[in-house]
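In what follows, subunit A forms one complex with subunit B and a second complex with subunit C.
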Partner chain A sequence: MKGEMKMAETVDARGLSCPQPVINAHKKMKETGSGTFEVLVDTATSRDNVTRMATREGWNAEVREEGEDILLVLKK
Partner chain B sequence: MDDPNLIVGMERAEDAGVYKLSEDLAIIQTVDFFTPIVDDPYMFGQIAAANALSDVYAMGGKPLTAMNIVCFPIKTMDISVLREILKGGLDKMKEAGVTLVGGHSVEDSELKYGLSVTGTIHPSKVLTNVGAKVGDRLILTKPLGTGIINTAIKGGMATEDSIERVTRCMAGLNKRASEIMQEIGANACTDVTGFGLLGHAFEMIQGTGKGMTIDVASVPVLPEVMNFAKMGMVPGGTYRNREFRINKVDIDTKTSPYIIDILFDPQTSGGLLIAVSEEKAEELVKRLRKEGIEDAAIIGEVMGDSEERILVQ
Partner chain C sequence: MEGLIRFFGSKKGILCVGLFVGVFAALLQKWGNPPNMGICVACFERDIAGALGLHRASVVQYIRPEIIGFVLGALISALIFREFKPRVGSAPIVRFMLGFFAMVGALVFLGCPWRALLRLSGGDGNAILGLAGLAAGVALGVYFLKSGYNLGRNHKTYKFVGWIMPLIMVGLLILLIAAPKLPSGAVFFSEKGPGAMHAPLIISLIIGLTIGILAQRSRFCTMGAIRDVILIKDFHLMTGVFGLLIGAFVMNITLGQFHAGFVGQPVAHNDHIWNFGGMLLAGLSFALAGGCPGRQLFLSGEGDGDSALFVIGMIAGAAFAHNFAIASSPKGVDLWGPGAVIVGLIFCVVIGFSMREKI
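This part shows the complex of A and B:
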């Protein structure tokens, strides 16, 4: 069921201070190789840092801000 | 404060307070303490002490005595950690020729260490942030990037070499740099700490009707910092510093955005930023390098600019 309901897996990095969200997102990139996943963060610093890391690793990062939380969609 | 003996007080973002005791003697007072930035407690003690002492050096003064400030989680942390921190601090004070005269400790859930430092200076020799003249060269005495590297260390991304290099940099005293600066004669000085190079550089021109240029190619930067910046190992303070002062900065279009982050990176125990006349600038850099301050470099120039802006080129 879960697989059908969710479009992509999510790395929840809310409440974590830098650089942990970057480390967690980077780990997921390595595991995934290519495809799509989401990263949920709650600070502008985490948003910018995860976006940087993604760009450097050749992933496309799209920012979707959702209230307090910020959703990043990473694609490769 | 309208005390006629107060030479430097709280009205500007100065590094330390200076108070005239007599016609040829002023006292300098400063306090600084923070949470650990490296795992090694002995090195943390050294860095915290070097950082606290730096505020006296940035005024061009000579630190004489210091007191320890300790916040320690005695219930959850072994007392040997504190011993190592205090040993590191004391060794750094000895290197600086400073006498430890006391201190105060409180129990706290988070470890913190630092010093309250007292120094002296001749009242006419005080070097504040302001005082730079048009045409002065700006000299930076330590490489930038400690905030970014410390973030990379937390993330387990930094190599042993990188950790060793940044630790040595942060534990380095600004003592000789300050002494040489006073021997040769400078117009203004501050140390580069939490607001980053551009944040502290702006303090030098704020309210003075001057501007400055920063030549990015000349700015000393620790190894691997650029790479870590691209990897997103950027502390929140860097972004906050940039947001706070970016409206005062003009950036040449060729400049990489990562360089701007490095110029705003908060520094722990950073170097001195010195404004010195053009005629003395080369001599000062030569002397600094000769005495082991190898990264010292001329990084910019003070300009006439009523808009008080910094041009990064």
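This part shows the complex of A and C:
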């Protein structure tokens, strides 16, 4: 619908083992440059790793529990 | 609880975990474990394979309580912190074979990354070659990761599946305590050699459990430490490795366990090429599988069935290595050791090139 906020793109990193979620999120950061996108993960390790990398790269990471999954909203 | 979670996620937290591992590894040696082998995941899994009779190298047979403790400690921590998530299905046969060849490489060098660090902290210069090989193997793994290598997704599974590996460890603990003697000779316990050297069961078990809990919380991983520095210039995990090295070094000096040199080092050989080559294979295998052997044990305690298969692959690899003249000894590399390393490297490179998503 016109005028509605554009949905942020989501990187689905569920089920991927270390360090794949970080690689995928990092790739998306490079592509995006700035703005907002989401990373969906399903382990606390992936949550911590992606959050740490994002913070180091100057992105703000907001963590939201989504049932058994974890949604990371990354903004810059 | 929140404070604890934050602490173990911090650099200070992982440094403390590394220091704990280093200090208690040196103490375990003091209390009876083999020299420069206070903790060695590869060697200890090999000893377990021997105790079960999967190989018959009579000097390396013992059910190591530290390994049992690592898995059960990680399980306890994962349950407390609600991180127990049974999952399976990410290229199981590949992970088994990576575990197999990781062990082949580790036994040609004579140690896992933990023991390589402990050997260095005890003055064994040959460990430098092993650690260089490990770093080179991980760097090669990073190359594959950067070019799209991926073992694929796992999926959630039934709760009980996550309990299988911890239950196997409980079974091993029962065998260790009951020590039955069957007509076949099993359970086998070494009467001499490194397998006969061990700290008291209860001490080894408690230290193993504690490390399992701490490492599950902090995600301590020696391979990941090198990988993250190369891949994303992140020194978080490396802080833990430094902690291990410093903790063990200071304790070894204090306890009179530091002896610098290349020759005559305990449970080690000084064939530089194959010290490097063995750990090159091990490092590449760990990188392709996403964790060092310790980390694979901790993940298996969290319910990761693929990591459990990597561990079982390592145990199978240990049996094969001792039955087929692949594992080295203090005399040097054995007949099929170099050949097995080359076969393992070819396998890993083929896996690295063939399991790639186009990026």
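Assume the second predicted complex is superposed on the first by the 70 of 76 C-alpha atoms of A that agree within 3 Å, B and C clash if a C-alpha of one lies under 4 Å from a C-alpha of the other, contacts with A are read in each partner's own complex, and residues count from 1 in each chain.
The rule is simple: contacts are C-beta pairs under 8 Å (C-beta built on N, C-alpha and C of every residue); 3 or more make two chains touch, one makes a residue touch a chain.
Bear in mind that the values here come from a model prediction, so they are computed numbers and not experimental data.
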Discussion item. With both complexes overlaid on chain A, does A:E68 touch subunit B (first), subunit C (second), both or neither?
Written reply: second
Worksheet item: First (subunit B), second (subunit C), both or neither: which does A:P19 touch?
Response: both
Practice prompt. Quick one: name whichever of subunit B and subunit C touches more residues of subunit A.
Written response: C
Discussion item. Tell me the contact category for A:A8 with respect to subunit B and subunit C: first, second, both or neither.
Written reply: neither
Practice prompt. Using the touch definition from the top, say if A:T43 reaches subunit B (first), subunit C (second), both or neither.
Written response: both
Practice prompt. Using the superposition described at the top, list the residues of subunit A that contact subunit B and also contact subunit C.
Written response: 17-20, 22-23, 43-45, 48-49, 52-53, 56
Response to the item:
Interface with subunit B, subunit A side, in the complex: residues 17-20, 22-23, 43-45, 48-53, 56
Item to complete: Can you check the complex and tell me which residues of subunit B touch subunit A?
Response: 151-152, 154-157, 229-236, 239
Worksheet item: Across the complex, what residues on subunit C touch subunit A?
Response: 9, 81, 83, 85, 87, 90, 145-146, 150-151, 153-156, 219, 224, 227-228, 231-232, 234, 236, 290-291, 306, 359
Worksheet item: Within the complex, which stretch of subunit A touches subunit C?
Response: 14-20, 22-23, 26-27, 42-45, 48-49, 52-53, 56, 68
